[in-house]
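Each of the next two complexes has chain A plus one other chain: chain B in the first, chain C in the second.
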Partner chain A sequence: MALAQLKIDTTEARLADVDLPQGAAWGNAARADALARVRLMALPTKRDEYWKYTDPTSLTAVDAPEAALFASDEAPLFDAVDRVKIVFVDGVFDADASDDLEATGLEIERLSDAMATDIHWAKDIYGVLEAHGQKPVARPLAALNTALATDGVVIRVTGKATKPVNFIYLHNDTTSDAILHNVVKVEAGAEMTLLETGPAAARFSKLLEVEVAEGGKFNHVRAQGRDHERRAVTHCFARIAADSVFKSFTLTFNGVLTRNECVLELVGDDAVAHVAGVCVGDGKDFHHDDTVFITHDALNGESRQVFKKVLRNGATGVFQGKILVKEGAQKTDGYQISQSLLLDDDSQFLAKPELEIYADDVACSHGSTSGAIDETALFYLRSRGVPHDEARNLLTLSFLAEALEEIEDETLAEDLRDRLEGWLARHR
Partner chain B sequence: MTALDTVEVKEGVDQETVDAVKELSGNYKYGWNTEIEMEYAPKGVNPDIVRLISSKNKEPEWMTEWRLSAFTRWEKMDEPTWAMVNYPDIDFQDIYYYARPKSMEEKPKSLDDVDPKLLATYEKLGIPLKEQMILAGVEGAEDAPAEGRKVAVDAVFDSVSVGTTFQKELEKAGVIFCSISEAIEKHPELVKKYLGTVVPPSDNFYATLNSAVFSDGSFVYIPPGVRCPMELSTYFRINAENTGQFERTLIIADKGSYVSYLEGCTAPKRDTAQLHAAVVEIIVEEDAEVKYSTVQNWYPGDEDGKGGIYNFVTKRADCRGDRSKVMWTQVETGSAVTWKYPSCILRGDDSQGEFYSIAIANNMQQADTGTKMIHLGKNTKSRIVSKGISAGKAQNTYRGLVSMHPKATKSRNYTQCDSLLIGDKCGAHTVPYIEVKNNSSRVEHEATTSKVDDDQLFYCRSRGMDEEEAVALVVNGFCKEVLQALPMEFAMEAQALVAISLEGSVG
Partner chain C sequence: MLEIKGLEVKLEEEDKQILKGVDLSIAPGTVHAIMGPNGSGKSTLSYVLSGKDGYEVTGGSATLDGEDLLDMEPEERAALGLFLAFQYPVEIPGVGNMTFLRTAVNAQRKARGEDELSAADFLKEVREKAKSLKIDAEMLKRPVNVGFSGGEKKRNEILQMAMLEPKMCILDETDSGLDVDAMKLVADGVNALRSEGRSFLVITHYQRLLDHIQPDIVHIMANGRIIKSGGPELALEVENNGYADILSEVA
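Coming up: the complex of A and B.
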């Protein structure tokens, strides 16, 4: 079908004044290919089925909409954790604020350095996983990121990393428009934990490509900052080999618009992939969208999607999840749950939990629920002397527990739980 | 004019049909073809064809205009491509839009005037003899005690209704049950008031096409407070080659009334695919209740996917009044491609919608079916139970929408869709849309996908069943919740159909 004129116009307007960053031949080719993909697919409009519940207009506009800076009185997240800090300010790497890019078991380089190197391992991943993830559903904003990314980091994990790497995204400019692209390669048997924190920019496009080799393990914990006017579209593309593990958890507080897409493919037998998320939103200008696509293409794979949303004062939560089990991917165990707690009558939850299954010996299930706080439980707690607000927060936290349990590291989980309690205390 | 408004028919499709189904050896039983002289409109669709259909039905001017405006819209529409079905492009100009037995040209006054071939066709399809006695106008047959429950039948053959039974008895209760062409002629005020108010002519590609070219269908009006004295039924038969069937059903249940409506359909085996694009509109007023059951057994095509019916149907019920209730039950075993989403608009406060579905796809069949529950009124309830079974190389998709509008407070939805896979070459998919816009409503959705349990099979086999029998038993157990929702005669037929549709899928 021919592309609608509106899509073509939106795309050409966005691409009118862009210059592709230059580097080694492979990098230039990857960017040019990605740009061609963008033109072929065209940028999304709200008439696209995949954007049925989220309006992409502000993400595809030429200029980033303004976002006021948000002063937080809280200590930075994960402050107590021994980690390698890599700081980006409005999407630009800040060497002074960052730690040395050295850690046991890790090779870390800035994206621009890697892409200036003629022969580099990142060649097999940069834009490759993203291009592969364009089928069966087009993700033009991801291709746009590959073409235009101005900064980022590439990490090769060769052993068991002794400490996590933390990407810290600071926001200092009310009109910043940041495009970051990170690449992680976990070698066979290697392990790492990646933390991401902070609001990043007024408009933030971030793409993460992860290749996990046999027996490898990739752990990802992310907190998208408390910035009320931020807009973000993030993508994660991962290829997960035999016996390897991929786990990702995201906590989102507010933000005008957030779309987190996670596209995982289990290509080796006995692979495990878990994606979880908690989002809490307050106010009409809060819109949060989790879009997940997990493909099982090997035997005995396990995948879990656990997403919980707490919404109030007209906030909107979206979940689009899919499990695709390809022919021959027998013994797949796929689980998906999306739940929302609507704290008042103005908020809404829109979900599309999909299954597409071409193998018969599988156990796949999905569940989705939406509703208010259980009055009976509330009444019980109050009858036991727990004040109303506290009882409500307790029930809210217990509703979120299943998703929070997906975080393996208890220190990190505790840190995030504290933040949640703080948020709930502030938003009564 | 096509309907046999002067003749009456007794009995329905029950026992004989059940026996007929039981006798089945495994192949599509209804694949035979009636050799009958047909009268066709020229192939293709254009305003002249639309006018021709309208004039064949002796319609008033407003109806012709209604059709033409739908046609103008249709020309600007694109065929939907979002469903998970693949089929070759349909050449909409290579189809006959109107076909009727030549003998129906003049309205038959009695059975003597009805072509015996037509009667034989329905006899072969399992419509009992007694019914034909009445069709023949035998005095007193109407008062003869019917075996089991009475079912009034409207029989639709290609583009025309050949006869409606029990009309007189229904009339006594005030129920109007006739072909839609007859309704347009005799009850224009009702048709004008309700037609297109649930499925507007601009609704979707196939519904719009149907609005332009529908040739016949059934019309039901149940007056206030009346509990329809018998089940109503329409039996659709496609016979002519290269012909599309476009029927339109309009059911109106006025305040406090009740009706149970059954629909059955078959078609001959042919190598070329045939199009069936129907529209069903149901209006449910205050305190009224409608049960609509379908056993869809169109020709599914052969094992290589050759031939079969493309079943693109728009069905929708509008629960307008408070405390109104509608229940859709469907057993979808036939058709090469199914594209069908019987929906409920729960407009009245405390209204209820239910959807029970079994969709079985075997060989190369593709089914994309489900429902929409649109909650607009307060305290509305809906329940969806969908069982999808795939075997052979078939693809089976559940696609549904549950929408809770901001004003639909304290509403409730429960959805369960289970898929069963038999064999490793088929697919089962679930695509639910859930939209919740208030917090006092509860929405729950559950879906599972699994295969036939080996332990259960082993148990059945250890009791002496052969493998196919065992699979049929397990599958029937899997479908039980839906089968129980069907009227009794249908349930038996459906149960047998479930077994037959899966024959050859094991081993």
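Coming up: the complex of A and C.
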């Protein structure tokens, strides 16, 4: 009882002074429903099974803990890529800094505009995929996002987008508390790439709902960091139709708390879902959690989860990944690997890989390892004249290779690899 | 070139003496071979010279061109001109063979205070040298040794040797796991590198490699010491009679 009361108190404290943004009836209803879901599930505490390895206290607190601004000495990521820029400053859309939404050739609208429109395609997605993704595991912070989201954009793609859309996040206020909700609809046979870069706020909740229709393709590449003091929870909910492809890659640098949840459902035959991530953390104040849930509910589905973490000086990495193969989802090919490279004895990696299979003709595998740098390989490189630190960094990149290979676009991959090399060179 | 005097080595982890006073002097431009039964300390000698962890030198010295090898990091020894061709070359997924070669070549040049090789010059050189070892562009692109056959791995070692141009090359059982054709290819690669200023120490169990890489001097190693040295005929004697005769003769 004490726990239940604690959860209720936490929830009510968080909701005490909130006003739901108002718009068209469907939007208001979606937010009210989400708020009801939050109350029903109650916000998580560290005693929740799903939050066993990651303490959600700072994510559910009424106020955002302060976070120092981070001044980067690097050029903005993907600077050389021709892309549609959509800029959020501390979680607020900045029209002046963004490209003209009308001129992008894509259907992009600010969330508040979409939700003020009585009849809108986003009605079938906003909060709908999130609500669907609440089973079998409750994700109250996602419902909280749906209820309270103050900004975001909705994007509908009908053809093959000629250039990627880049959400660029800027953090200018040490106590900013951002709640962003974005919606993407990739119509049948359409294709798009979404990029996300930059530190968003002192504390942020970001939720992305993606619907990929038959034969569609959605490609997502995200970089988080390098700000140290942020607290972040992100959710991605995707519904993946027949013959369509969903791919998501996240590279995370630093961060006192980052929890990335990815909830994917393959609802049509021959669908493909890949989700991968690399994180690098240095020090006791680094905590990174990847939580993934992939549901196969159709024939011939292929899913891959590839997560690699480089941890040093007492950093903590968490992976909770599940493949659920429903009855009838025959010929499913599911693969899951989570690995950590622990560069010292103080760092830790906590992994909970799960398979739950109700079909009898599937191929699913999962593996999880923690290890140190391979001394034999290190000696091999050094014996060829490569200095110790450089050799260690090469082997670190070698460890990350399988995850980095999940990035399809070589230009984007090269950019991220450069940043990784920079990070490794700074953290010796 | 390489001077080893009274070298004594034990394993760091256990109190086990492996080398019990090895003396070896290799003059510039010569090829020496070391043969010996399993467990005689041949591979340990190659590892200690190149600086692998896990060994403790308890006595003696080893110098290359008068510089104390045993006091240096492995990468410093490499920059000075020491090269070990591994018995079991290591697979490094995710690092392209070309990247690896270029990193190594330029790291050594940098350590010696030389300019780095330009991308174009490097490419030209590596293509030429790879061709003579029958290493194709595909193999150069692949991750280091990943998915290579035994023969390909050994050829890749010789390619590294050719690119790094060391003065003192140690070949640790380079013939192991090779068929006759592969061994010939590797031996040709080594022979092409023979020169006045470059010496070789070939460690092997069998005479057959020495048919292809002809040594000037052959040493027999047993129980942590070099117990007999002679000309190429010593290798033939081993081939015909095994080690037993030599061992009993010395004892």
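Just so we're on the same page, the second predicted complex is superposed on the first by the 421 of 428 C-alpha atoms of A that agree within 3 Å, B and C clash if a C-alpha of one lies under 4 Å from a C-alpha of the other, contacts with A are read in each partner's own complex, and residues count from 1 in each chain.
Everything that follows uses one rule, which is that a contact is a pair of C-beta atoms (placed from the backbone, for glycine too) under 8 Å apart; a residue touches a chain by one contact, two chains touch by 3 or more.
Everything numeric in this text was worked out from a predicted model, so none of it was measured.
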item: Partner chain in contact with A:Lys284 - chain B first, chain C second, else both or neither; value: neither
item: Chain B versus chain C, judged by how many residues of chain A each one touches; value: B
item: Chain B versus chain C as contact partner of A:Tyr380, first or second or both or neither; value: second
item: Touched partner set for A:Leu400, first chain B, second chain C, both or neither; value: second
item: First (chain B), second (chain C), both or neither touched by A:Gln330; value: first
item: Touched partner set for A:His388, first chain B, second chain C, both or neither; value: second
item: Touching partner for A:Arg47 - first (chain B), second (chain C), both, neither; value: neither
item: Footprint of chain A on chain B - complex, ascending; value: 78, 81-82, 84, 406, 409, 419, 421-451
item: In the complex with chain B, residue positions of chain A that touch it; value: 1, 49, 327-328, 330, 340, 342-372
item: Residue numbers on chain C that touch chain A, as the complex places them; value: 50-53, 73-75, 77-79, 83-84, 86, 89-90, 92-95, 100, 103-105, 107-108, 111, 143, 160, 164
item: Residues of chain A defined as touching chain C within the complex; value: 374-377, 379-388, 390-391, 394-395, 397-402, 404-405
